[in-house]
Amino acid sequence: MEDLPENSGKEPVTPRTDEEKAKVLNRLKRIEGQVRGIQKMVEEDRYCVDILVQISAIDSALNKVGHSLMERHTHHCVADAVKKGEGEEAIDELMKVMKQFSK
Amino acid sequence: MEDLPENSGKEPVTPRTDEEKAKVLNRLKRIEGQVRGIQKMVEEDRYCVDILVQISAIDSALNKVGHSLMERHTHHCVADAVKKGEGEEAIDELMKVMKQFSK
Amino acid sequence: MEDLPENSGKEPVTPRTDEEKAKVLNRLKRIEGQVRGIQKMVEEDRYCVDILVQISAIDSALNKVGHSLMERHTHHCVADAVKKGEGEEAIDELMKVMKQFSK
Amino acid sequence: MEDLPENSGKEPVTPRTDEEKAKVLNRLKRIEGQVRGIQKMVEEDRYCVDILVQISAIDSALNKVGHSLMERHTHHCVADAVKKGEGEEAIDELMKVMKQFSK
């Protein structure tokens, strides 16, 4: 099984609405802030386990964003491809990215 | 089993050297950049799977940082606690954070 | 989000062929054998890490079976539901089981 | 980093008590029964998602057994090695098996 490319050159079937974009961006900005927060903890030589607890919180926030993107992708892009008779390839791609995520 | 607190008020037994700090900070800055990169991808309405591939890359980078902090923590703080006869508590704490990570 | 029921009363859209069944059953029998192997290791008081290595091997074998069932499910049941205009529910169910797996 | 060997030839520092063995064996027998249960589900051509829910239940049961073995191992074998001044190797081994588990 080949790895997924970094840039497939494809586009989402249904463009994200401004509201959808804003929601994802808010979450990602919060995650960015958490990553900076950990940098500060390292600079201040804070207790290892406290830092690890924060890292695991970011991890879980990232997984939530990933899951919600995957959900939208399946409901829109994959379902659309299936309807057009191009489901096989879209589903294979979905399975690959799912596998990558569960690693 | 209680959750680990966000701030335990504890400190690392052996302070991190400047070199150690720099190494972790470099990785975290790269991760911060990757999170910003994803924000740009969302703004540009890039293909869902391309974004997911990036999120899974960040996830794996975060886990590596986490693992290396946990390694240092065990070799220093936990081992030190064991030598002082205070190993039980330190090991329980380690097991909790490990469990949180493998979720 | 509600949990998935233990028994949905549903059936696979396309019945599994004998060959497909045999393949999955073979893998599951091997996994059953591995679980029995670990029991023997525990009875013989074998080294903890050796047992853990085996448990992690079973874990990875189980995940492979799960992934291949999910793949077939998506290509058959989910794609079929989408074509019949009943994709929403099938995709929601798929996302739930995927989430459960990545825990 | 080398992989951990299947059989290290080592032994647990403190032999498991009969009660400890019985507890782990009970869990493993239940897991064995669950694996056989899934085989039956496949033979009866049961719904894919119902099978996946069961697989994810086994996965989580296996992880619990693994975690409790790791806990005992750290409290006994690793702590003991640290006290004898042989902590480095024991901790490296623990970190490797932990990494393998979180995959």
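Order as written gives the chain letters A, B, C and D; numbering starts at 1 within each chain.
Criterion: a residue touches a chain if its C-beta (ideal position, glycine included) is under 8 Å from a C-beta of that chain, and two chains touch if they have at least 3 such contacts.
The structure presented is a predicted model; accordingly, all values stated were derived computationally and were not measured.
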Chain at maximum distance from chain D, centres defined as averaged CA atoms: A
Intercentroid distance (Cα basis), chain C paired with chain B, Å: 30
Separation of chain B from chain D, taking each centre as the mean of its C-alpha atoms, in whole Å: 23
Chain centre separation in whole Å, for chain B relative to chain A (CA means): 19
Multi-chain contact sites of chain D, meaning residues that touch two or more partners: 63, 70, 94, 101, 103
Touch-based graph of the chains, sorted into line, ring, star, complete or other: ring
Chain-chain contacts as defined at top: A-B, A-C, B-D, C-D
Contact set on chain D toward chain C in their complex: 4-12, 15-16, 21, 24-25, 28-29, 31-32, 35-36, 38-39, 42-43, 45-56, 58-60, 62-63, 65-66, 69-70, 72-73, 77, 93-94, 97, 100-101, 103
Footprint of chain A on chain C - complex, ascending: 63, 67, 70-71, 74-75, 78-79, 82-83, 87-88, 91, 94-95, 98-99, 101-102
